Structures are given as structure tokens and as C-alpha cells.
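Take a look at the structures below.
Next, two complexes with chain A in common: one pairs it with chain B, the other with chain C.
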Partner chain A sequence: MSSKANLVERRIIFGLLFIVVTMPLIFPIGWKTEVSPHVQMAYDLVENSPQGSIAIISFDYDPSTATELQPMAYAMIEHAFSKNQKIIAVALWPQGAQMADEAFGQILAKFPDKSYGTDYVNLGYKTGGMVTIQAMGRDIKSVFPADVKGTSIQDIAMLKTFNNLKNAAYIVSLSAGDPGIKQWIMAGHDMFGVSVTGGTTAVSAPGFLPYINQQNQLYGLLGGLKAAAEYEALINVIGSATVKMDAQSVAHILIIILVVIGNIKAYKIRRKKALAAQGD
Partner chain B sequence: MKRTLPMILTFLVGMIVILSEFIPHFPFSKINSTLESWYLIISGFAMLLGLISLVRVNSSKVASKEENWQYYLAGLISLFTMVIFGLLWGMQETAGLLGHGESIQNWLGKKPFDYLFDNAYLHLSATMFSLLAFFIASAAYRAFIIRSFESNLLMISAIIVILGRTSFGTMLTSWLPQRLYFLQMSYMTDFIMKYPNTAAQRAIMISAALGIFGSSLRIIIGIERSYLGSDK
Partner chain C sequence: MVQFMQILGIWIGAFLTFSIFSFLYKDNPFYKLAEQVFVGLSAGYWLIYIIYYVIMPNLVSKLIEDFSANAILIIPALLGLMMLLRLIPKAQWVSRFPLAVVIGTSAGISLMRYMQSDLLNQVSATMINPLAAESLPDIIGSFLLIIGTICGIYFFYFSRKKEGIYALPSKAGIWFLMISFGASFGYTVMARVSLLIGRLEFILKDWLHLIN
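Now for the complex of A and B:
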């Protein structure tokens, strides 16, 4: 096929994809989502943790993957707050601290009684990946002597008795790559025995499934936007993931249709070549 | 000496870290925690090194007017804009050299750094990642072609998983009676992800871990020396 025809085809595909992604965002379809076992596991971990316990949420991503991971952050913070749990936000990615602030800002509108330093704290970004987690496992105050605002960790009420990772009820790593969930599993769970769950982009999720095993190295996993929508369904919230799921579903259907068309086209070309060869 | 000293240091540090995992008591525990602190400090400097490298590489391309030099210039301007705004007025609740910049905040609604982060960086970054969807759609159309038994198997699995990962897919087979649960899209997707995918992932992970273990040992005992640079 000529390069001009190829270019036209590509433009048609791009145009179609743009339309099918945009339309459901303007006119929502409202397809229901079924909860998968891994999302249920992550939900159960938060649900069954005691009131007043402290959880760590690690924001190991940047704005590029916020579409998939930020709805998970909203849903998990909302769930933890609704169970009266306290949250320590940390970040192994430089922009993670800002993502945490944005997420808290969004959820605090629903929980006006929650206050900074008593119910949640943002310790910010720290370089070092797994070594940082190992050091947090021994003494969190040596790794984070102050929070993002510069307040000494000694002056933060909810951290008075929180010395290391072992004091955490569970750890959530929302991760778009390295460092992220894998490092939290290896250090947080395997070295210090804290339950670790997390969320990642749909494309990375298959790589973490081996960690969901009998040793509970990873306690459930939220993989992609669909998992975020499932979590929203579990906490009875119609959030951004639920809204965006229609667009993603339609885009997936378009991709399947394109694969079928591509195969029919390839079959026709092969047949034409075979007939031409027979003719020779 | 230029090569021997780093090799001795690598051997000592590597052995101490390994030993401290087996003997988590004094003095190994103390040395290990000190090494951790050193690592965190060095990692911080690595970021600075990255920043210097970024400026050097991009500015040399702009200076020599290489092809598309305008993009490198745009990158440098963006970098310095964020650094300068962050230094002058800080970000979020952290003050900069000129304090919090209340008058600018009144005008913009936020600090300049936060304003650019929320209104430019966040959206540009998400857009770059979103563009992948267009390329994936185009690539699926061109490359996902049945040519052999294996490619047929791959395509069937991919279609099941693609459909199973949508609300539409689950709805498509939700009418099936309970005794035919194994034909439901969500069950088939979970089955593929849980068994064939996990088995393959585990094999890859174990192989990679053994590879890392082997190459780490080679570095510690001095067989692998490429990290020291060339012999010249």
C-alpha cells in the first residue's frame, strides 16, 4: 500500500479514536462494573484495618499517569478516612508530593473535619527508592525529619508514636514504575512484615500478579482505570474512574474492530498474492 | 590504584551489606544504616548531576544549532522558569527567597510554580501519555495479524483480556447462567491473567533475579569491572 494511503488510514484511525473517546465523556453510557477479586482484596485490607490506625500511601507516579492512578488515590483516601484511619503520604517520585496534595485537597471537601497533622500528613519526596524504604523501616524520622511544609516531624501530632514502618497498619503504593510497588513489597512486606497493597497502570499490572500469592506479598492490586472504577463501586462513589470507564470501554471495542478489519485486509492481500502466484 | 581502590571499596561495602542481612547486630547493623544514609545523600547529588548533564547536553545542541534546536531551547527555558519560580516564591506552603509572593498569588490564584505545575505541566504530561492510545490503536490495526498458530493464540487471548478489562465485556456475558461461569468474560480474563500470565511472569522474574544475583556477585568480587570505565 502506498505511503499516502497509509497516512490517510492512520488519520482515519486517529480521528475515530478521538471521537469514540470523547463521546462517552460528553454523553455517559453508564455500563456497570463487576468487582474483580484483586480489587476486593485491596478493599478488604483497608476495610478490616482498625479505626485510628495509621496507613502509608506512597505516591510513586507523576502527572503522566494521573488519569489512571489519581482516581485510585481519591478512592483509597476516601475509604481510609471513612474508616477513621490516619494517612501518611510519602513519595518515591519527585512529583508524587504534589499528586498527594491534590488528592487530599479533593477528598477533604467531603471530610471537612479532617485536619492536617492529626488525620493526615504529607512527608513529601525522598530519593533512594528501596534504600529509603529500608531506612524508613528502621527509623522514619531519620529519613523524613520534616514534612513538605518544613514542620519538624516531632511536632506532628499523629507521628508522635509512629517510629517506623512496623507501626503502619498497611501500605498502599500507587506506582507507575520504579521505584514503586516492587520496592515496597521487597522492603515493606518482605523485610518488615507490613501488608502492602497498591495500584498501577493497566499496562504494568500483569507484572505484579506473581506477588499476589499465598505469602500475601501483595495484598490485592488495582490495575488501571477499571480497577479504580471497581473500587469506587465498592465505596459507593461515582467518581472520575467510573465516568472515564465508558470512554475506555468504547476505545477498547474500537481497537478490537480495528484488529478484525486489519486481519480481513491482510487475508485479502495474502489471497491476492496466492492467486497471482498460481497465475504465474 | 585508580582501579584497585574502587574495587576494594566495592568488595568491602558489598560484603558488609550482605553480611548485615545475615548478622543484623552490632557492628554490621550500625555500618549498614550508615551506608543507607550515605546512599540517600549520594542519590540526592545524582539528581544534581542529572540536572547539570541536562543543561550541558541541551545547551550544546542549541549553541551548535542542531536539527530541531528550538525544542532543546524550549526545554531549557521551561527548566529554568520552574527553577527560578520555585526558588523565588517557593511551592505550596514552602516559602522561597522572596517569601510567599502574596501579591502574585492574589493575581494568579496560586504561587507561580504551582500555577505552572497545575495548569501546564500536569496537562502536558498527561497528554504525552495519552498519545500512546493513538499509536496503540494504529499499531493494533497493522501488526495484530494472524500468521501462525502462536499469533492466533496471542490474538484470541488479547481480545478476551481487552474485552474483559472493560465494563462492556463483563456486560456482554453477564446473562450467561451460573453453570456456564467459565465462559463469562471476567472469568476468562482472570483465568488468563492468573495462570498463563503469572506463570510466564514468574519465570521471567526468577531468571532476572538470578541474573541480577550473578552480575552483582561478579561486581563485588571484581570479575565485572565495566562500571569503572575503560582501561585507558
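Now for the complex of A and C:
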């Protein structure tokens, strides 16, 4: 086949994908989402942590992956708040602090009684990756002497008795790469013994599945938009991930059809070449 | 004024989105413009961000507040300045020293952690009794975990020619690897479609107001 024909085919595929993703966003179908065991594990960790306990949510991403990770942040913050747990937000990525502010702002509309400094705090970004986490494991106040607003950590009510990572009920890392969930597993769990769960972009999810093992290095995992929709289903919320899943599912169906067509076509071309070689 | 700036920002966002998408048809000046704007903005943004959110709070502010207590910070500050000498060809050799410190400390810190998390804990996680699992799917899964790990590692064992019976685990290893690559590809497709959905949501919701 000529390269020009290939180019035309590619453009048809892009056009089709554009249409099948757009239509379900305008006209939602409402397909249900089944919950996978890894998402259930992450949910159970939050669900079974005691009221009043403090969790750390690390925002290790920036706006480029917000489509996948921000819905996870909404869902997990909402779940933790509904269980009356307190949240410390930190960020290993520079723009993570802003992502945390945006997520809290969104969820606070549902929890007007939650207040900054008492129920949640944003400590902001700190460079250093795993070294920073190791230092937090010894003394969080030396790593974050002030929060993102510049308030001294000594003046923040919910942090009066919180000295290091071991005081956290669990750690959630929403991670788009390095540093991120891997560093939290290595330092947070393997060094300080705190349960770690989290979410990643779908691209990097398979790389973290081996950490969900009998050692509980990782306590469940949310991989991509689908997992965020599953978490929303568990907390009975029709959130930003759920409404996008119709488009995601329809796009997947199209891609499966295209893969099948592509393979049939490739088989036919190979067969044609083999027959031609036999004829020679 | 604020509302005008918001609307302007959305229109610029929509224009740049379509400019980038236009590459799918063919390379064109709009795509090149969007690409250059992205590169330039990113470089400028990160420069300012690093100055104000890394160097100022972690070095300058601490030295100004209490110099004697934070005097040790002068050492990393000097190492940082030495790194910048890479820009001067005659003094380029000086940058090797801070680079050596970075490589040495990174290797030292990572070695123990990776050994523990990626080797010892992973090996321990494979040393399981597969029959101890609660359900039949879990038992099958445990067997596949053990067989897959052994065969996958054996595939990368090159000290013996793989013939006859020695080739079987290697072939099984290839199958396990291929299946894992397929799963990774599936996840990658999902991620890319998610990004497309994110952009289209911006177009349909923030720009065109077609959806809520």
C-alpha cells in the first residue's frame, strides 16, 4: 500500500476517534462501571482507617495529567472527609501544591464545616523526592517549617501532635512519574512501615502492579481514569471520571475493532505476498 | 477585566489545542507556533518557579534569617555555582566535582532502597504457598505468579545454550513477557484516550459550553 493511502487511513482513524469520543460527552450513555480488586483495596484502606486519624495525600503531578489524576484526588479527599479523617497535602512535583488547592476547593463545597488547619492543610512542594520522604519520616517539621501560605507549622492545630510519617494512618500518592508513588513505597512503606496506596496514570500503572503483593508494599492502586470512576462508584458519587467513562469505553471499542481490521488486513497482505512468491 | 482575561485565556487555550491537533493532518505553521510557544513558556515558567520555590525558600531565606545556624547551606550553594561553570568552556572541568557529588549521593541513597524494595521484598513476595490462597482463581493466579517470575528471569539467562528441554521455560518466559507488554499497551491506549477526553472536555465545556 502506498504511503499516501496510509496517510489517508490514519486521518480517517483520527477523525473517527474524534467523533466517538465527542458524542458520548455530549450524549452520555450511562454505562455502569465494575469495581476491580485493586481499587477496592485502596477504598478499604481509607474506609477502615479510624475517624480523626491523619492521612497524607501527595500530589505528585501537574496539569498535564490532571484528567486522570484529579478525579482520584476529588474522590479520595471526599472519602476521607466523609470518614472524618484529616488530610495533610504535600507535593513532590512543583505544581502539585496548586493541584491540591484546586481539589480541596472543589470538595469543600460538599463539606462546608471542614476548615483549613483543623481538618486539612497544604504543606506545598518540596524538592528532593525520596530524600525528602526519608526526612519526613524522621521529622516532618524540619522538612516543612511552614505551610503553602507561609503559616508556621507550629501554629497549625492539626499538626501539634504530628511529628513524622509514622503518625499517618496511611499515605496516598497520586503520581504522574518520578518522584512519586515509587519513592513513597520505598521510603514510606518499606522504611517506615506506613500503608501506602495511590493512583497513577494508566501508562505507568502496570509498572506498579508487582508492588501489590503479600508484603503489601502497595495497598491497592488506581490506574487511570477507569479506576477513578470505580472509586467514585464505591463512594456513590457521579463525578468527573464517571461522566468521561462512556467516551473512554466507546473509544476502546473502536480501537479493538481497528486492531482486528488491521490484523485481518496485515494477514491478507502477507498471504498475497506468499502466493505471489509461490507463483514466481 | 478578570472575566475578560478568563475568556481570553480559554480562547487562546482552544486555539493552541486545535493548533496542536492540526499536526494529525500534516505539519503546518500553526502547529509550529504552538510548539514554540509551549517550549518557550515552559522554560520561562520553570526558571522563575525554581528561583522562587526552590532557591529562595531553601537557601536564600534561610541564610538571611539565621546565617550561623544555616551556614552549612553555603556548601551546596557553592556546588550549584560550580555546576553553572559548565557554561564557560575553559572552566567546564569544575562542574565535574558537583556532578560527582550528585551521582555519588544519589547512588548511595538509592542502592539500599532499591535493594530492599525492588529485590528483597519482590523476591519475598514470590516465595508463597500457592495452595494457601482462598479461592481457585487466586490459587491459579499464585501459580502463574511463580511460574511467570521463574520463566521470565530464565529468559534473560544467557550462560547456557537454550536447546531441548532448556528452551521450554525460555519460550514460556517470552509468552509471559508478551502478555505483560500487551497489558502495558492496553493501559497506554487508555491513558492516551483519557488525555484526548480531557482536551475535548475543555473544548466542549469551557469553550463551547455544549456540556455541563
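Just so it is clear, the second predicted complex is superposed on the first by the 280 of 280 C-alpha atoms of A that agree within 3 Å, B and C clash if a C-alpha of one lies under 4 Å from a C-alpha of the other, contacts with A are read in each partner's own complex, and residues count from 1 in each chain.
Convention: contacts are C-beta pairs under 8 Å (C-beta built on N, C-alpha and C of every residue); 3 or more make two chains touch, one makes a residue touch a chain.
Owing to the predicted nature of the structure, the values given are computational and were not obtained by experimental measurement.
Enquirer: Putting chain B and chain C on the same copy of chain A, do they fit or clash?
Expert: clash
Enquirer: Just to be sure I read the superposition right, which of the two partners does A:I235 touch: chain B = first, chain C = second, or both, or neither?
Expert: neither
Enquirer: Using the superposition on chain A described above, determine whether A:M41 touches chain B (first), chain C (second), both, or neither.
Expert: A:M41: touches no partner chain.
Enquirer: Look at the residues of chain A and decide whether chain B or chain C touches more of them.
Expert: So, of the two partners, B touches more residues of chain A.
Enquirer: With the two complexes superposed on chain A, say which partner A:K226 touches: chain B (first), chain C (second), both, or neither.
Expert: both
Enquirer: Using the superposition on chain A described above, determine whether A:Q248 touches chain B (first), chain C (second), both, or neither.
Expert: both
Enquirer: Touch check for A:L108: first (chain B), second (chain C), both, or neither?
Expert: After superposition on chain A, A:L108 lies in contact with neither partner.
Enquirer: I'd like to know which partner A:M23 touches here: chain B for first, chain C for second, both or neither.
Expert: Touch status of A:M23: no partner.
Enquirer: Regarding the shared-chain residue A:V131, is it in contact with chain B (first), chain C (second), both, or neither?
Expert: Both partners, chain B and chain C.
Enquirer: For A:Q214, select first, second, both or neither according to whether it touches chain B, chain C, the two together, or no partner.
Expert: Only chain C; A:Q214 stays clear of chain B.
Enquirer: Does the superposition put A:P206 against chain B (first), chain C (second), both, or neither?
Expert: Both partners.
Enquirer: Taking the options 74-82, 164-172 or 182-190, which segment of chain B carries the C-alpha atoms that clash with chain C in the overlay?
Expert: Only one listed stretch clashes with chain C, namely 74-82.
Enquirer: For chain A, what residues appear in both contact lists, the one with chain B and the one with chain C?
Expert: Correct list for chain A: 10, 14, 17-18, 21, 66-67, 127, 131, 134, 202, 206-207, 210, 224, 226, 248, 251-252, 255.
Enquirer: Using the touch definition from the top, list the residues of chain A that touch chain B in their complex.
Expert: 9-10, 13-14, 17-18, 21, 31-34, 36-37, 62-67, 95, 98, 101-102, 126-129, 131-132, 134-135, 138, 142-143, 148-150, 202, 206-207, 209-210, 224, 226, 229, 245-246, 248-256, 258-259, 261-263, 266
Enquirer: Considering only the defined contacts, which chain B positions touch chain A in the complex?
Expert: Touching chain A: residues 33, 36-37, 39-40, 43-44, 46-47, 91-94, 114, 117-118, 121-123, 125-126, 128-130, 133-134, 136-138, 140-142, 144-146, 155, 159, 162-163, 165-171, 174, 186, 190, 193-194, 197-198, 201-202, 205 of chain B.
Enquirer: Hey, which residues of chain C end up touching chain A in the complex?
Expert: The touching residues are 24-25, 49, 53-54, 58, 109-110, 113-114, 116-117, 121-122, 124-125, 128, 180, 183-184, 187-191, 193-198, 200-201, 204, 210-211.
Enquirer: Using the touch definition from the top, list the residues of chain A that touch chain C in their complex.
Expert: Touching chain C: residues 10-11, 14, 17-18, 21-22, 25-26, 66-68, 94, 125, 127, 130-131, 134, 185-187, 190-191, 201-203, 205-207, 210-211, 213-215, 217, 223-226, 244, 247-248, 251-252, 255 of chain A.
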